[in-house]
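One chain, subunit A, links the two complexes that follow: it is found with subunit B in the first and with subunit C in the second.
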Partner chain A sequence: MPELFEDVIVRTIARLLTPFIQLFALYILMHGHATPGGGFQAGVIMAASFILIAIALGLQEAKDRVKQKVRLPMESFGPLTFVVIGIICIACGGYYLQYTTVPLLPSLQAVGAILISAVEVGIGVTVMAMVTTIFFSMAGGKHDTN
Partner chain B sequence: MIWLLNLALLILLVITAIAVVVNKDLLAAAITFSVYSFIMAMLYTQLNAPDVGLAEAAIGAGATTVLFIIAISKTARREED
Partner chain C sequence: MKLAPLIVVLIIGATLAIAVAGMPAFGSSDAPAYTHVVPRYLEKGVEETGVSNIVTAIVVYYRGYDTFGEVTVIFTAGIAVIALLGRE
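So, the complex of A and B:
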């Protein structure tokens, strides 16, 4: 990674823009079942906000915001969500990920929307952690353990 | 009239694709490739695939370009024949 880009305009714009990018990612995540978007796109946009922080404010600043201690469990969270929700659907008498059999609410559409959103959140968290990890391990030095 | 926009986008797409392949300066090629991804995202949206367009804009124009630039900063900027 090249040395820190010391420019007050770039640093201020990056610091101001980051929460809006993350809010947009959360919007795409929560509306993924109805509008374009979904877990994968939301995760990549969320990771892009951390890449922006790393470029403008320095790699260490971005690593402090998403620590490796937090990222490692997040990478396993998505597959775990898939397995748990799929097995819940099997336990309720349906196929793997057949949401309509889960007797959570009287409305089948509401159950489907809730469970699809839960799976999307899992995908988004995993993709965010993986893309930031790939970026950090490429941008860090030779003996850098993220 | 929308075909004019599509025609302009497709011509730009071909031009940027050739520029990526021909360019010897790898940093310029990486940035041109980001432009290519962005035009591709607009074309996907034109083809009624906003989902793919969103993914292309986020990954192709955002994440991949950053990874290319990191790889160039760790190796050489100029291509050698």
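So, the complex of A and C:
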């Protein structure tokens, strides 16, 4: 049992607030094509929720919620999404990242919106994993028992 | 105090100050940045990209290669932090 960093009010509020922050991040991510927002902003908001947990509930609690095993593969997800979708666009006869050439649906606008959202999700996942990893790396020293 | 560097700085500063007069007014809608390619984005953006947020359309569609580079920069920064500080 790690030592408690904050008193019960801070810990309770942080625990209650975290799901709503994460829901807001998902909203920002999935509405990036229609309203202000996008992958970068959503990734940072999602990372902020984990940083809030680390500050209020302790570093170990935050590390348990986003495990390193999950986080490290997520870091390369964004560039890989970009490359894969860009090469799909080339294979379908367009330029690199010319989304509307992919003949998935009859409506080219819908294809563009879907692929742009997919790229935004990739960006968000990468930014989230990177910001949390940088925070955890700087917060936890090597002499940590973890 | 050396005189030559001061003269060079004054000449460059005067040149820049004169050049400011030739710039478009602050916030002017006639500035080249707003008349060259932006009207086309605003007119054809929804039709070509399928997204109604013009900022996302420019960032991910028209300037997609640039955003790809930005994501690569973030990825590289994280890899550098992992390499320097150890895996937590």
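As a working rule, the second predicted complex is superposed on the first by the 136 of 146 C-alpha atoms of A that agree within 3 Å, B and C clash if a C-alpha of one lies under 4 Å from a C-alpha of the other, contacts with A are read in each partner's own complex, and residues count from 1 in each chain.
Note that a residue touches a chain if its C-beta (ideal position, glycine included) is under 8 Å from a C-beta of that chain, and two chains touch if they have at least 3 such contacts.
What you see is a predicted model, and the numbers here were worked out from it, not measured in a lab.
When the shared chain is aligned, subunit B comes close enough to touch A:55, but subunit C does not.
By the document's definition of touching, neither partner reaches A:29: not subunit B, not subunit C. Applying the stated contact rule after C-alpha superposition, one finds that A:102 touches neither subunit B nor subunit C. Once chain A of one complex is fitted onto chain A of the other, the partner contacts of A:134 extend to both subunit B and subunit C.
With both structures placed on the common chain, the touch criterion links A:44 to subunit B but leaves subunit C unconnected. Between subunit B and subunit C, more residues of subunit A are touched by C.
With the contact threshold set out at the top, residues 36, 38, 40, 134, 138 of subunit A are in contact with subunit B in one structure and with subunit C in the other.
Touching subunit B in their complex are the following residues of subunit A: 1-2, 28, 36-38, 40-41, 44-45, 47-48, 51, 55, 131, 134-135, 138-139. Note for the complex: subunit B touches subunit A at residues 50-51, 53-55, 58-59, 62-63, 66-67, 70-71, 73.
If you check the complex, the residues on subunit A that touch subunit C are 32-36, 38, 40, 63, 68, 75-76, 78-79, 82-83, 86, 96-97, 99-100, 107-113, 116, 119-120, 122-123, 126-127, 129-130, 133-134, 136-138, 140, 142, 144, 146. Residues of subunit C touching subunit A in their complex: 46-53, 55-57, 59-61, 64-65, 67-68, 70-72, 74-75, 77-79, 81-82, 85-88.
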